[in-house]
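First the structure, then my questions, so here it is.
We just call them A, B, C, D and E in the order they show up, numbering each chain from 1.
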Amino acid sequence: MAEAAAPAPALQLEGVTCTFPSPDGRGRSYTAVQGASFTVADGEFVSIVGPTGSGKSTMLNVAAGLLKPSEGRALSFGQPVTGINPKAGYMFQAEALMPWKSALDNVAAGLEFRGVARAQARERARPWLSRVGLEGFGDRFPHQLSGGMRKRVALAQTLIVDPKIILMDEPFSALDVQTRQMMENELLDLWAADRKSVVFITHDLEEAIAMSDRVLVLSAGPGSRLIGEYRIDLDRPRDVADIRMTPQFLALHREIWGQLRDEVLKGYAQTKLR
Amino acid sequence: MAEAAAPAPALQLEGVTCTFPSPDGRGRSYTAVQGASFTVADGEFVSIVGPTGSGKSTMLNVAAGLLKPSEGRALSFGQPVTGINPKAGYMFQAEALMPWKSALDNVAAGLEFRGVARAQARERARPWLSRVGLEGFGDRFPHQLSGGMRKRVALAQTLIVDPKIILMDEPFSALDVQTRQMMENELLDLWAADRKSVVFITHDLEEAIAMSDRVLVLSAGPGSRLIGEYRIDLDRPRDVADIRMTPQFLALHREIWGQLRDEVLKGYAQTKLR
Amino acid sequence: MRSHAKRLPSRPVILLLQLGVLIAFFLIWHVLTDTKILSPFFFGTPGAVLERTWKDFASGVIWYHLGITLLETALAFAIGTVAGIAFGFWFARAPLVSIVFDPYIKAVNALPRVVLAPIFALWLGLGIWSKVALGVTLVFFIVFFNVYQGVKEVSPVVLANARMLGANSRHLFRHVYLPSALSWVFSSLHTAVGFAMVGAVVGEYLGSAAGLGYRIHQAEGVFDTVGVFSGMLVLTIFVVLIDAAVTVIEKRLLHWRPQDQHSGQH
Amino acid sequence: MRSHAKRLPSRPVILLLQLGVLIAFFLIWHVLTDTKILSPFFFGTPGAVLERTWKDFASGVIWYHLGITLLETALAFAIGTVAGIAFGFWFARAPLVSIVFDPYIKAVNALPRVVLAPIFALWLGLGIWSKVALGVTLVFFIVFFNVYQGVKEVSPVVLANARMLGANSRHLFRHVYLPSALSWVFSSLHTAVGFAMVGAVVGEYLGSAAGLGYRIHQAEGVFDTVGVFSGMLVLTIFVVLIDAAVTVIEKRLLHWRPQDQHSGQH
Amino acid sequence: AQDKLEKTDIKIAVGGKPLLYYLPLTLAERLGYFKDAGLNVEISDFGGGSKSLQALVGGSADVVTGAYDHTIQMQAKGQPIVALTQLGRYPGIVLAAVNRADTIKSVKDLKGKKVGVTAPGSSTNFMLNYVLTSIGMKPEDVSIIGVGGGPSAIAAIKRGEIDAIVNLDPVISQAQADGDITILADTRTEKGTIEVYGGPYPAAVLYAKPEFVKENPKTTQALADVFVRTMLWLNKASTEDVLKVLPEEYFLGNKSLYAQAFEHSKPTYSPDGQFTEAGAKAALTVLKAFDPAVASANIDLSKTYTNQYVADALKRLPK
């Protein structure tokens, strides 16, 4: 849909359907996402919210090029995504640090993969570690870090390579509120500095509203679709803590929450029924 | 400290200190928890909040008997914890499902370990699966479930064996708000039914207040101690969603939040400094 | 994760490719021996080898010998595997035993089996059992070391979880260690099948009254290279069949794993 | 997780225990042969074996042979390991190659090496290389199958993460597959060390001018059981030393793992 | 017309059944003589003579067809065994120079050269030692390489790994047929044997433990009958007769080569199975010189063999 003149969107999903074979390899299969289409413009910050198990991670995997949709396709900056999306950085929901690398080496890995010499990559990784509040923990291996610390290492690891589009799957859910807000502000600063595109999955609707330009609401599975889209017209730059108190914010929250709540209840009832 | 007449507390930590060897096996070691002491009475619901990396999981490991404290000791129902604590159920922060068992078999595992025949254990596991909203997903293997679904399976897995004291490490952080509230209410119902003891770790202060009889605040690491203790005198039974709007709740929240915020900031500064 | 990988060709295509490799191998062999680049005295000729193998099967003389060798192989494989798994688990779970006996296990593994053959013959006679013993000494160590390592690789969190759920040692074995170590066990079994056969054949080769190894030895004694290679051919055919059976079992027991997670290349 | 496990005894105590096992072994051997329950003709006597071993070292005759055997072992080990790792990775990363060649790899693994010895002798002569080749054929397969499996076991999420971070095939190998497969590699190396030695000794035994296998064969030819066992003793001592070196390297390369996570028993 | 045998199931061990050295065993089996004697035999084949001997000492075999040397060596080790029938009267060992080396014209030229024997410490090794010492050289003057007795020996010759070889048929005949070697000493003939050892030298024999003989005299006699009968048959048989009797597998490699090798070896077979004292003495002399265990022992040759059963058999069997 990108017109000739407009720049290609950072991400575009066109009628993406993802069907998984059934657990035992035979029998009925499970359709997680059904015909999902949405666009993330260059430089836009988009959040996706939806009930658990609705297919948010699945859609991010499609955008990253890790999962081939059964139907439909994904485009990134006008290019169809056929393999790993080279313009994307992906912060996974599950633990994805390399257990055999120290925190510092984990952060430096992306640079090394891009041909930066090891010593230099480590040097450049150090400020990133302190940015996520782990200055003294560079020599720890992942199993020696707490759950929240591992998440922060993963954040630094994703951001250091400066991807054009950042895919984040519940990046801050393991953090306490305070650390979380610091990380959120850190991310917004970064994003503001050179206007990357961000696709941000979260369970925290407040977080979604506070951070984004747009919030997408996913229906409950199976066969989730996008059922709501809200433009967040709050002023930038924002402070995630302060903005939550503004009436504008509260109005938006009420509105989206109304829809989401219904959807979650429906999803819950469905899984109970099936 | 238990007097002769009073029933022994469900859990008692006495001056627990946990020191980890340094990452490379030599050099300086890291003291996560320093002289922590607290008691959880029989039938009490206690939450622990604290900055990320402060040692919450570490303390739970001590209570479960998985980690031997460097100093001090843990008692459970008057018995020193020297091995696995047989009275405790533990829902881990990290993924702990057996990947080779289906969701249903994972839930049934605890019963099987207690000598229930396989078929019967699966029969009894089924209602538990629907209780956590996963009725149709019994035959899925963990890698076929979404992050939130795995957490819910783990919840059912822990609760089905009916432990006298339940240790929960951020059980609901991967769930969307709505599902989360349902799970929270489910847990409160269960707890009310036969007054188990619960130790509940969370990053969500609202959750901590809404659920607990008492909230403990942990200081930032290294060498965290318990620095605050708040009795929550809200009426029972509670509905976690409704109670958040009461003035009493808001007052408590403001009070604890004040202390926690300082602590988190300190912790953040410390890690930046070290 | 299912990914954008180029999908593998279908089953018949793969079979065709495999057949192609086989034919290419025989062709190269044929050309090399035909042009005397490889001396037929040492390498036989593929035509003669195939013809001999065919004759042996047609006349039926081979079945008796093959039966004995397969019996020995199966016994060696079964005993060695069971013992390897049992000791592997025991050692992995009993750190003191493991640390004390570790050097001796390794020492025994390094004993040349050829030299041990007379001792096995002494203890077990000249029948199949001395050959089975030889096979067991090969199979055991391969399985043992892999099971030992496999048990040590179990995820600490999953293990802790099972223990908190009340699993005792037997449960841990059955529900955690065994399933977790299974891929290690199967990896070792693929090597072990071959070594079980090697043990049986070498045992027969070193002293016996029947079996494929006996026939190979007889053929070698009269410089009948074709006979030697024909024996080896029969042997490899059957080891491939046994291994296919192992693979089928493996697929069934490990069906819980993510499918085609590793075809993910672009 | 460090747990309430009974801690292992300290290093010297363990050494003492190991020594105890050794002494017990020699004592039992002594008693059994002394009372003729085990025939000294087959089993020698520990006294005589130790004396002979001591003499051989004192007079120095053994060093030359030992040196040759160790050289062969080291070469077989190194070549077999490198080839096994290389092919293991290649096969694991090239599913079509792996699926097509799979039956042939297994077939070759099942060939009795003893029968192959003349071919190696023909190609490589009677010097050390034919023995190295024999050892390589043993070591290669053990390492190969384990590396292959080890690569397949890599955590899919960690792998996906590295690929998203921009790792190409070479990076994946170096930063993901290799470290992840290392515990498999080392598990296989512990077996492989022994088999490298077995290959060398059996090769010497079948035809050579020097080496421990040559000496063992010579002793066997004149029914000198004490000589045979003395040779095996020397052999095992050195294999244990080599294995200890492997363990040291293993500890260094795998230092990132959780320590004593498995002593967790009560 | 035999009395009832003490034992009819007999396990025979041999170290390399298809070797011409042990041809009488295969002949006896193929001619059906064991069956005629009421014996039910199982023949186990071993990788070498020493292993078949070990099977006997260990009790897993009843009788062995092996080298006469073993009876002396085992007496020195305190494991008495007794030879019952002689199958070969000349050892059949051949010392030959590899043509490619081209510098070896006589045994003297072996100095400093590499010589392949079947295995270090084996009878081929002793033969070489004996030949060397008889012309005033020392065993240490050559370097010994074990090359085995099969295709690996041929491989060693073809690759030029060795300058000379001490081996048996069929290796020698094969190498001769290929024109790769020149014979220096040949104990396949009476003349050659006397040149090397100064007298006949018993080669393959049938031996057993004295206990076996004592407990099963009738079975022992039956075994001796079988082999004497075989030796008498072989003495009169033509090459064609022999090839007709042998299993086809034996000459699948190369029939004419096998025939040739057989003809070379024919004189080595004992005509009637009887031992001679001179032969036993020759063997003892050789072993005393090179086997330290034998050298230091006091050997009673009369216990190493007996002609009793052969004599009895010869009395009854038609010549």
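Please note the rule applied: a contact is a pair of C-beta atoms (placed from the backbone, for glycine too) under 8 Å apart; a residue touches a chain by one contact, two chains touch by 3 or more.
As the structure is a computational prediction, the values presented were derived from the model and not from experiment.
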| item | value |
| --- | --- |
| If a chain touches subunit B and subunit D alike, it appears here | A, C |
| Maximum centroid distance from subunit B, chain identifier (CA atoms) | E |
| Per Cα centroids, the chain farthest from subunit A | E |
| C-E against A-D, pair bridged by the larger set of C-beta contacts | C-E |
| Between subunit A and subunit D, centroid-to-centroid distance (C-alpha), Å | 48 |
| Distance from subunit B to subunit A - Cα centre to Cα centre, in angstrom | 27 |
| Centroid distance [mean C-alpha coordinates] between subunit E and subunit D, Å | 38 |
| Gap in Å, rounded to a whole number, between the CA centres of subunit E and subunit A | 84 |
| Contacts with two or more other chains, residues of subunit B listed in rising order | 24, 66, 84, 94-95, 102, 141 |
| Subunit C: positions in contact with at least two other chains | 1, 39, 42, 118, 122, 156, 160, 163, 205-206, 220, 258, 264 |
| Residues of subunit E engaged with two or more neighbouring chains | 54, 58, 150-151, 154-155, 158 |
| Subunit E - residues contacting subunit C, complex | 11, 13, 16-19, 42-47, 51-52, 54-55, 58-61, 150-151, 154-155, 158, 170, 174, 249-254, 257-258 |
| Of subunit E, residues touching subunit D in the complex | 50, 53-54, 57-58, 73-74, 77-79, 114, 119-122, 125, 143-148, 150-152, 154-156, 158-159, 161-162, 291-293 |
| Contacting residues of subunit C [partner subunit D, same complex] | 1, 8-9, 14, 17-18, 21-22, 25, 39, 42-43, 92-93, 95-96, 99-101, 103-104, 106-115, 118-119, 122, 141-142, 145-146, 148-154, 156, 159-160, 163, 169, 183-184, 186-188, 190-191, 193-195, 197-198, 201-202, 205-206, 213, 216, 220, 228, 232, 235-237, 239-240, 243-244, 258, 261-265 |
| Subunit E partner contacts - residues on subunit D that touch it in the complex | 39, 41-42, 117-119, 121-122, 125-127, 206-209, 214, 217-224 |
| Complex interface listing, subunit B residues touching subunit C | 64, 66, 84-86, 88-90, 92, 94-102, 109-110, 112-114, 141, 143, 157-158, 161 |
